[in-house]
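Presented below are the structures under discussion, each in the form of structure tokens.
Both complexes below contain chain A, partnered by chain B and then by chain C.
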Partner chain A sequence: MLPSLGYGILVITMLVSIYSVSIAIYGETTKSAAMVESARRAMLLTLPLITAASLILIYLLINDRYDVEYVWSVTNRTMPTYLKITAWWGGQPGSLLFWSWLLSVFTASVTLRKWDRDRELLPWVLVVTGITLTFFISLIVFFENPFKLIPAGVQVPLDGRGLNPLLRHPGMIIHPPAQYLGFVSFTIPFAFAIAALITGRTDDRWIRITRKWTLWAWLFLSLGLVLGMRWAYDVLGWGGYWGWDPVEISALMPWLTGTAFLHSVMIQEKRGMLKHWNMILIILTFNLVIFGTFLTRSGVLSSVHAFAQSEIGPLFFIFIGATFVISFALLIHRWEDLKSGTEMKSMLSKEALFLLNNLLFLSLLVISFWGVIFPLLSELFTGSKVTVGPPFYERATGPVWGALMLLMGIAPLAAWGRSTLKTLGRAIWKPALAALLAPILAFSVGIRNWVALISFTLIALVITVSIREFWRGARARSRKSGGNFFIELWNLIKRNRRRYGGYIIHISMVLMGIGIIGIEFFQTDTQQHLAIGETIEISGYTLRYDRLDQFRHEDGRLITRGEMTLSKDGKFLETLAPRFDLYPDGQPMTIPAVRSTLVDDVYVILVNWEGITAESTPFKVYHNPLVKWVWIGGYLFVFGIFIAVGSDEERKKV
Partner chain B sequence: MKPKFIIGGLLIVAAVIYLIASSTSANAEYFMTIEEVKAQESEIIGKSLRISGAVLGDTINYDPDTLSINFTVANVTGDNDEIEANGGLAKVLHDAVRAEGTPRLDVVYNGPMPDLLKNEAQAIMTGHLEADGVFYADELLLKCPTKYEEAIPDQAE
Partner chain C sequence: MKKLNILTLFIILLSLFSVNTVAAQGGGDISDDEVNAIASELFCPVCENTPLDVCETQACKQWRELIRLKLSEGWTDAEIKQYFVDNYGARVLAEPPKEGFNLLVYFVPPAIILIGAVILFRAFKEWKNDNGEKDAPITEASPKSTRETSNPKDDYLAKFEEELRKRE
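On to the complex of A and B.
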């Protein structure tokens, strides 16, 4: 009964959104306000409909309704309720429903508010989001019904198969939704861009309206990436957090174009330039978002994320292809209108450096995209199966990341319009000199890797330049007003949130860079079989193997737990207990034990699940220097976005 | 657009093409079966290869002092559909080890003895072939399909 109701609601939702799209197009072209209004209401109706369907699904998940295939495939009786709820996005059909629900929420919030202010653009925004929503809901209705019952005549299973154990982690509550929020919210700026192209309102209005949407989308996309890294580090037990897995790359690609977009819209707002460019970037970003969803969901590429596989792949390709062709056709149609009045003059002006930043982000995109499609191309054209692994990405993107860091150090000091080497040099020599302390310090503690030394210099440069901007601004204000330095610092940030939030984000990025350099250049590992009482040494640390426990958890998994004492120079530091869980369905899970400090992490795992005995237990130990800075940078990053996303105080008053 | 911007843009494009091309050729890994390796032995010396094979239990030789392991692997197909058609991975590995005429390859790997390295395990190795016809593996992943049909995702290994 309930499953049929849920499915029925989804069918109705699909019809309603098809109705909304067609009547919006018809109403706009025939100038019928009543029809457009009807389209808007229909679109608003999809929100309660999808919400109801989702609530039904959640109800079924919580109440162990194993007569529903999806519920059976992603939950079982031993899972806690919160994980049963997260199973909403634990498999293909549910995650498509979740995607649709988010899109519906966003569309509703766009169409509910400020409808009259943005009256020319909004009907077309509604058309774009409506088409996307129709696409996703149709996939659910025709191919991936989460309410599908088990075949008639088959006895209802007593227990479900359960969520993949790798996903039974508190991180599962936030990583996928954050990633999806990021993906889905980029639909809104894209929809406004297309609306601007269709209506010919090609000034920077669409950019101003979607500024916050873009920042929020970017926040969630970034958060999704960082949380995914953290989850991989804590759960997957391979000593790192980023493996250049195709799905990771597919989430990184829209981030790259999105980041470029965030920067270049500022040039359009301030100087009226790069209008074509912004259109291209947002179209690319949206297509990469759909491509990312498709890669995660289609199982074309084998990856840690390929939990769900199905035949909807070709449909995604058709959707991406159609979006791409139509968007670029519209762009070419409006090409002349988007020409800018001003021309770029100086190579060192702020706008030129922004453009360079964009080109670098696009270079990263091209490199990443090449890495993903190279195996497919190679098999197609030469017949030999070839692949490129992490070393390819590290080598090819490394110099580009370096150049980006250099830009983050220089660009804040460049002036709009015209800048020369002389003015720039005058602005930069002090922070650059201060930044030289970093490599000197690194050299004195024994670091001889010159790439790392250069990277540390660049990181320090970004930090000194950014902090100096805060300091100069606040000092100038406090001199002028005679007020307290810190109060003026706060006022400074409040008056120009995007600029100073941006600097905080720059600092957070290079802090993450410290961690990345630590793991890229200085990670070491060692592997050894130990009997109880024996020790293993790594980078000055000693780990003594103390005891081994093996027991069955109430949910049926067999837990093997080793206990080790970590010490340095004879001084006790911590007890580390790496674990190996074997689930009843044969799925193993390696859970590392980590001691994390600002300087380094000691990361221990139990390597193999077979034949672990007290006399011979295989341990693998990683020494990951500086990796904690990745997470510190992540927190600061979120803080920076919250600063940047708020409205400037001065602008409010106007 | 001023010429200096066009030149600058072209320089960036050239740099990116160079980075991609050089990194690809330095890091491309060729998936090959042992049969293919044997057939093209002379052409692929030194190239980075990814090879899968069935471990011959009798040939495993471990020297705990130098942490070096020698063993021989027998050819198995790289095509998943073919594996399924021939009765699953466990059977394919079993047959590969028992058959007389299958191409075989000697492997050298340095590291502690993995527990899973035993007869009829599937070894997935990356490394390169040297002129002596021996495959020097930098990375060794092992799967024993008899016990757990479902492999852990690649990254978790």
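On to the complex of A and C.
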């Protein structure tokens, strides 16, 4: 009964969404405000509808309704309630429903905004978001129904299969929603961009309206990436957080274009330039969002042949193709209207450097995109599968990341409009000199890798330049007003949140860079079979193997837990207990034990796959220098976005 | 395709049972680190995107034992990798071999980026030429002369305030 109700609601949602799209187009062509209003309300209605369907699914998940296929496939009786709820996005049909729910949350809230000043955009925003919503809901209704019952006549199973153990981690509670939020929320700026193209409102109104949406979207996308990295580090047990896996890259790609977009819209706001380019970037970002969902949902990643077998793969392909063609056709149609009067004056002006930044981000995109699709092309054209793995990406993107850091060091000092080598040089020499301390310090502690030394210099440059901007601004203000430096610093940030939030984000990025350099250049590892009492030495640390326990957890998994004493120079530091969990369904999980400091991480895993015996236990130890800075940068990054996303005090009335 | 994979897997597993006993005798002095040094540069031939050194399947374990055996027989890194390529195809390498169709993976991105850079550079030049003549002298001369005489700190404040004003 309940499953049928849930499915019925989804069918109705699909119809309501189709109604909204058609009536919005009809209302716009017949100039009927009432029709458009009806479309708006219909769109609003999709939220309670999808919410109801989702609540029904959650109810079924919590109550172990194994007569529903989806519930059976992602939960079992031993799972705690919170995990049963997160199983909502633990499988294909559920995660599509979750995607749609988020989209309708965003769409509904955007329809509730004040439309007085830009009424003409409304119908087209409804059309774009409505079509996207219809697409996802129809995938659920026709192909991936989470309410599908087990075949009639089959006995209802007593227990479910349970959630994939890898997903049974607190990180999994936030990582997928954050990632999806980031994906979905880019729909809104895209919808406004398309609405601007269709209506011919080619000023920067659409950018101003969607500025916050874009920042929030970017926040969630970034958060999703960082949380995913953290989850991989804590759960996957291979000593790292980023493996250049196609799924990771598909989440990175919209982030790259989104970041380029965030920068280049500032040029349009300030100088009225690059209107075409901003359109291209937001169209690309939205397409990459769908492409990312497509890559992870279609099976195409495992093989082109899996794609052909997947029911929804080809539909995604058509949707992306159609969006791409229609968006660019509209852009070309409006090409002349988007031309701007102001032009670039200096190669060293802030806008010119922003463009360079865009070129670099797009370079990263080209490398990532090509790396992801090349194995598919190879399989398609030559019949042989190849792997494009980390060495390719590291070599290709390394210099680009470096150039981006250099730009982060220079661009904040360049002026809008005009800037010369002389003015720039005058602004940069002091911070540059201070930044040289970093490589000197690194050299003195024994670092000889020249790429790392250059990177540390660039990181220090970004930090000194950014901090100096705060310092100069606050000092100038406090001199003028005679007020307290710190109060003026706060006022300074409040008056121009985007700019100073941006600097905080720059600092956070390079702090993450410190961790990335640490792991890229200085990670070491060793694997050894130990008998109790034996030790492993790594980078000055000693790990003594003390004991091994094996016991069954109440949820049925068999836990094998090793205990090691970590010491340095004979001094006891910590007891580390790496673990290996074997779930009743045979799924293994390797949980590392980590001692993390600002200087380095000691990361130990029990190498269960090499076979644990009473005589000898295999351990793998990684020494990961500086990796904690990745997470510190991540926290600061989120803080920076919160600063940037707030309203400037002076602008609140606008 | 899938059938073939399972078949090869089966044959490997079968053959490795015998290998294993040999490995226990012959590869004993080869350390895990030596094995992993090679395994980390290879990808599991049957799973998706999993480096061989951290792959948890039984098949991968046997492949690592195979590496140990080959090392103990005096094979070089390159020979062992070639052995894997010959048996399981180029997908076991972390990067496509630099030949034939695969060359595209290395040449296309730089080519596109280069084209992008050229377009950007030409656009810069065009923009500058449109405006440069009437604006350039001002940039160089007038602000500088005032700047040199005035107090640099006041100048910064003025510029700063002006920028904030522009934003409002």
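Definition applied: the second predicted complex is superposed on the first by the 635 of 654 C-alpha atoms of A that agree within 3 Å, B and C clash if a C-alpha of one lies under 4 Å from a C-alpha of the other, contacts with A are read in each partner's own complex, and residues count from 1 in each chain.
Note that in this section contacts are C-beta pairs under 8 Å (C-beta built on N, C-alpha and C of every residue); 3 or more make two chains touch, one makes a residue touch a chain.
Please read these numbers as outputs of a predicted model, since none were measured by experiment.
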Next on the checklist: Given the alignment on chain A, is it a clash or a fit between chain B and chain C?
Outcome noted: clash
Checklist entry - Does the superposition put A:232 against chain B (first), chain C (second), both, or neither? => result first
Checklist entry - Regarding the shared-chain residue A:374, is it in contact with chain B (first), chain C (second), both, or neither? => result both
Checklist entry - For A:392, is the partner it touches chain B (first), chain C (second), both, or none of the two (neither)? => result both
Next on the checklist: Looking at A:80, would you say it contacts chain B, chain C, both, or neither? Reply first, second, both or neither.
Outcome noted: neither
Next on the checklist: A:166 in the overlay: touching chain B, chain C, both, or neither? Say first, second, both or neither.
Outcome noted: first
Checklist entry - So, does A:586 touch the first partner chain B, the second partner chain C, both, or neither? => result first
Next on the checklist: Contacts for A:495 in the overlay, against chain B (first) and chain C (second): which applies, first, second, both or neither?
Outcome noted: second
Checklist entry - After lining up the shared chain so the two structures overlap, which partner does A:314 touch, if you call chain B first and chain C second: first, second, both or neither? => result neither
Checklist entry - What part of chain A is shared between its chain B contacts and its chain C contacts? => result 237-238, 243, 245, 302-303, 343-345, 347, 352, 356, 359, 363, 366-367, 370, 374, 384-389, 391-392, 396, 527-529, 588, 590, 608, 610-611, 618
Checklist entry - If you look only at chain A, which of its residues touch chain C in the complex? => result 237-239, 243, 245-246, 270, 301-303, 305, 343-347, 352, 355-356, 359, 362-363, 366-367, 370-371, 374-375, 377-378, 381-382, 384-392, 396, 415-416, 418, 420, 422, 472-473, 476, 479-480, 495-496, 525-529, 588, 590, 608-611, 618, 620, 648, 650-651
Checklist outcome for this item: Per the touch rule above, chain B residues touching chain A in the complex are 1-2, 4-5, 8-9, 12, 15-16, 19-20, 22-24, 26-32, 50, 78, 111-116, 144, 147-150, 152-157
Checklist entry - Which chain A residues qualify as touching chain B in the complex? => result 166, 232, 236-238, 243, 245, 302-304, 306, 343-345, 347, 352, 356, 359-360, 363, 366-367, 370, 374, 384-389, 391-393, 395-396, 399-400, 527-529, 585-588, 590, 607-608, 610-611, 618
Checklist entry - Touching chain A in the complex: which residues of chain C? => result 1, 31-33, 36, 43, 48-49, 51, 54-57, 60-61, 89-96, 100-102, 104-105, 108-109, 112-113, 116-117, 120, 123-124, 127-128, 130-132, 135, 139-140, 144, 153, 156-157, 159-160, 163-164, 166-168
